[in-house]
Amino acid sequence: MNFASDNTAAIAPAILDAIIAANHGFAIGYGDDELTARVTRRIARVFEHEVAVLLVPTGTAANALALAQLSPPWGAVLCHGESHIATDECGAPEFFGGGLKLVPLPGVGCKIAPDTLRGALDAGPWGGPHHVSASVLSLTQATEAGTVYRPDEVARLAALAHQRGLAVHMDGARFANALTRLQVSPAEATWKAGIDVMSLGATKGGALAAEAIVFFDPARAAGMAERRKRGGHLLSKHRFLAAQLDAYFADGCWLELAAHANRMADRLAARLAMAGLDPVWPVEANEVFVMLPRKIDERLRAVGASYYPWKTNALPKGVPVAADGVLVRLVTSFATTGTDVDRFADTVRGR
Amino acid sequence: MNFASDNTAAIAPAILDAIIAANHGFAIGYGDDELTARVTRRIARVFEHEVAVLLVPTGTAANALALAQLSPPWGAVLCHGESHIATDECGAPEFFGGGLKLVPLPGVGCKIAPDTLRGALDAGPWGGPHHVSASVLSLTQATEAGTVYRPDEVARLAALAHQRGLAVHMDGARFANALTRLQVSPAEATWKAGIDVMSLGATKGGALAAEAIVFFDPARAAGMAERRKRGGHLLSKHRFLAAQLDAYFADGCWLELAAHANRMADRLAARLAMAGLDPVWPVEANEVFVMLPRKIDERLRAVGASYYPWKTNALPKGVPVAADGVLVRLVTSFATTGTDVDRFADTVRGR
Amino acid sequence: MNFASDNTAAIAPAILDAIIAANHGFAIGYGDDELTARVTRRIARVFEHEVAVLLVPTGTAANALALAQLSPPWGAVLCHGESHIATDECGAPEFFGGGLKLVPLPGVGCKIAPDTLRGALDAGPWGGPHHVSASVLSLTQATEAGTVYRPDEVARLAALAHQRGLAVHMDGARFANALTRLQVSPAEATWKAGIDVMSLGATKGGALAAEAIVFFDPARAAGMAERRKRGGHLLSKHRFLAAQLDAYFADGCWLELAAHANRMADRLAARLAMAGLDPVWPVEANEVFVMLPRKIDERLRAVGASYYPWKTNALPKGVPVAADGVLVRLVTSFATTGTDVDRFADTVRGR
Amino acid sequence: MNFASDNTAAIAPAILDAIIAANHGFAIGYGDDELTARVTRRIARVFEHEVAVLLVPTGTAANALALAQLSPPWGAVLCHGESHIATDECGAPEFFGGGLKLVPLPGVGCKIAPDTLRGALDAGPWGGPHHVSASVLSLTQATEAGTVYRPDEVARLAALAHQRGLAVHMDGARFANALTRLQVSPAEATWKAGIDVMSLGATKGGALAAEAIVFFDPARAAGMAERRKRGGHLLSKHRFLAAQLDAYFADGCWLELAAHANRMADRLAARLAMAGLDPVWPVEANEVFVMLPRKIDERLRAVGASYYPWKTNALPKGVPVAADGVLVRLVTSFATTGTDVDRFADTVRGR
């Protein structure tokens, strides 16, 4: 019963098979191989748009390199205060960005509301020599709360950002989970809504370690190859990075993996609701957040269930904070089984 | 006939098997798993010394993170002018080190001679507020020229460095190749000779993407976990990084793989010598550098041989530079076959 | 009627005289001169404590260099959200600190309350590899709101910080103004209350361009000389920097200059109160913030009064925000005259 | 008898007078004042070209900010190996440049020869993701050896650089000394010869602390205001920085000050030659380098002469290195008197 994170799962079979299949003969290193060319073309087809693609092994690298490219060192990246870039990357964006500043915005369910963004942009002060310049809006899709921005929500935020000269970045570590829920095309969820650059994750979705930085305007990627190399993120045996992403995006694999994870989250939420535990946020991706009574928490721990307690300032108004309760995050993945979900729910119900 | 680099090879079977074997169930991420603990213990045993170990996916990351840890931003890293850190990492050490300076030293066969090091340390100016402080000596083992430092050579250089307060780093991207040749223990080749920290490579030796930063004084590694994370080099599914290195160091696997590569280099050198092409440097690891007559170069290219031309200022005196020749680097690996070596040599000889 | 900033004033006569007096003969550069030694001794006497002192030309340099010294690049500096380091230095602390993070705290009158600090330290998450480490508490004295921390307030905040392993920095760009108001000794206002390092400003107080970074534990300053040099902040003709600070701290000059500025602020506040305009915060240093009716604002501008409108989230509850009003900041300095103050107040009152 | 450096001199009277003259009333800070506008116009007239100008207090700041602007973090700045930026700024260019690399070139008399530059550009490797990109050529005028590039020499070097896409920077800490010797216009010595950006020094020439960064293509200065601010180099009481430079460039003051310094150097060289001590390099600016017999060195020290011993690899072939001699640098300035020069020479001759 492992609900600690989607990165506690192993490698999805199709992706491991691709690594094995790529393991023959010699291939030129550093991304000049055939598989890398193929995965770039594949991502372009998936998004129905010309793209520049850089593959890297971690999501933190993808985010930090992308933001460093989009913002000058004296720029500010506006993001939700509980986003991964703001709280879980040990300052990687600031490091890669030469000392840029992340400006944390509030928002229920870890989503930024248009009014909040507008307010921050209006309030400033921004720019001139004294103040950092608002340079990038970064949206996380799905969010840290397992909620999802609809394309029209992205579009409104992106329009506000673009009006002020900001670029728009999407941290898509769980993009597949969001997309599956939204039932829109990758294009509609991204560049058609105003996303300029995205971190497109595969690791949480089932890869060993593979993420893509995708520029929808390839001209904007000038210098990225150098950034990646000097960041230590250019893999020599690059074909194995490409193989993972090629398999991930082939034949809808990524969406199937994500759909399973989402279904498991839905099932978990439904079972917990039957036990009187409603999620504090809508379950829109592969995460369920509930306030667990202390006793139930102990019972679950006793039978070996694994998950993390959670701290947040992003709860909706009116969510009851039980005096004896603990807010927990439950994450499902392609590897989560219905059996585990049911056993977890049964344990909650004391069965 | 691929002699372009040892990183054009695929994954060694034992290492791929280990990845496959690790691919079951859930494992806590970010290095808190069992396999990671095991590989740390294994490396300690291999080196007969207490160690702090950090795993990262690339050699550039290993080098840059280690040097940034050993040198203040106003420090200088003394290294051979043709070393990988100086010429092939797009400034990664400077970036991770907050603007530190690499000071290039000359040396035949890409080896730094004690007198050269002493001269540089004496000449300065070093330190005070105006000048950067000499902080680290970085040695590459095996060197970019495929030559090897003997333990007593390392010891003399390290002693000079330590006398002046410098730390000593070893870039061991091809450490296994050097060790196999030297026929000494890992301990003798490193900490017993004065190495403080090393980048211990496995990728060129047969891994998918796996390197270890090894501190022989664990106290010196304080803060490294944060450096790695904010560098984007902490893999979430860390077990698969650990699995590679665990298999690599198990049962002498790494030395067998390296020994094969070295044997292939020896064989290649011997065959080429029979054709009148002597290596410009002693073949001490898995690289052979020869001056190819233009016609032979063309003949080899015509049959699909793959290798790189090479530029260097580190040739020994008296090496004839043929007017119509091209200096080339030929790299062997665990995947190089005797058949390929022989075919290459035969092509050289026009058979 | 210039109330735009204390840095719109010229050089105080005693300080200019000191520059002129220093302008004879030759003096060794870069701070090895007699005057620099003297000013260091003088600052030690003023603070009744052994100190390490580094002189720099700007307050931004003083703050950024001090914070970079106290925090690792993966550290967080907790500060008021409207402090100078957070909003007015274009990211200098982040740049000098290698990408450190400023964590903005709220607080009425730009003062951080102990509960706010405790809450932030408790909430985290801090440290481990994933999160930045809380490393420094930075207090501004006097604050951006012209309010002042009493020594016991500093002591409570510093104690909380020290308990969690944070260093405590004071941005004392207007330290003299605070000290004059508090009627305590420099020692009581700083190291006796737990300040580890301070930026001790003289420019706003009357210097041409001179600030001191003061370490109350000299051992903590190791490497600062190098930081200053590579930051471009080591003046070659250093005697002239020293001369300014020597004159500033001689014979209570700094306190007299500040006392005048404070008196002018008090007088301005009193006159405005008589006109029905109460300051939104207590006037504790040399700044007065009032909500000006639009008509009065226009009348003042018409007669050439100079001052800035102000934006803040740090107003006390209950401050009426007049629909037709504008919050303005009025800063006095050693150069402000009673005549200007009175003329300003008279204009407000329509005389 | 102070020949230690031109920065051991005080402030030239005309410049101090300008500071005093500026010391009245209020002036808006941070460079929005009248004097700053005037000095910008003045520099444009002096150079007969549209310019963007940023004033900073130190030469290290001017150099580091300019180079960071001209080079990406993965760029290389080619410069003489003994130039100030390479050896005397404690890594400031690397720090401000986000980890850029200085590539040291050899050259007699600290001048880079066109063949040397061409060789370095040809040799590489440059660019691609693996290697840093050759981005800037930095020339020092006058050089650290007190020699001077003629406009046609600058033009040849700049043309080579521009052909390969490099920008050309001039470190003009002693530009006035060079210009006075060359008897050409400022325009001929700079932009007409291909200089893109220069650090235009006044401190060594007679200012308290004042340097200008001059962009001959103002568009290239975008973002420089932010760089300067976050570098801590934007002075609040900016009028006093401007006043220094305004006086320096008014009525040929800078050239007169430099001409005096040069004359003193010539006189010193002539007197030393009469004593059998020929300068090791031509005396073309305000520095004389001679090999002093140990006994003479001791005699000079005994009577209080101040100067530095010098280390260099840039001596011309055939300069005799006396076994008992010490190479010394003797620097003259606007404040050097003929009496001091003569007394120095007399002491050398044992009078």
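In order of appearance the chains are A, B, C and D, and numbering begins at 1 in each one.
Quick note on the criterion: contacts are C-beta pairs under 8 Å (C-beta built on N, C-alpha and C of every residue); 3 or more make two chains touch, one makes a residue touch a chain.
Just so you know, these numbers come straight off a predicted model, no measurement behind them.
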item: Joint neighbours of chain C and chain A, given as chain labels; value: B, D
item: Most distant chain from chain A by Cα centroid; value: D
item: Averaged-CA centre spacing for the pair chain D and chain A, given as whole angstrom; value: 51
item: Between chain B and chain A, distance of the C-alpha-averaged centres to the nearest whole Å; value: 35
item: Approximate Å spacing (C-alpha centroids) for the pair chain B, chain D; value: 41
item: Per-residue multi-chain contacts in chain C, two or more chains; value: 73-74, 89-91, 95-96, 98-99, 129-130, 226, 229-230, 234
item: Residue ranges of chain B in contact with chain D within the complex; value: 73-74, 87-91, 94-102, 123-125, 129-132, 311
item: Contact set on chain D toward chain C in their complex; value: 2, 4-5, 7-11, 16, 19-20, 22-29, 56-62, 64-65, 89-92, 95-96, 203-204, 208-209, 226, 229-237, 240-241, 306, 335
item: Sites on chain D touched by chain A in the complex; value: 30, 72-74, 98-99, 128-130, 133, 223, 225-230, 234
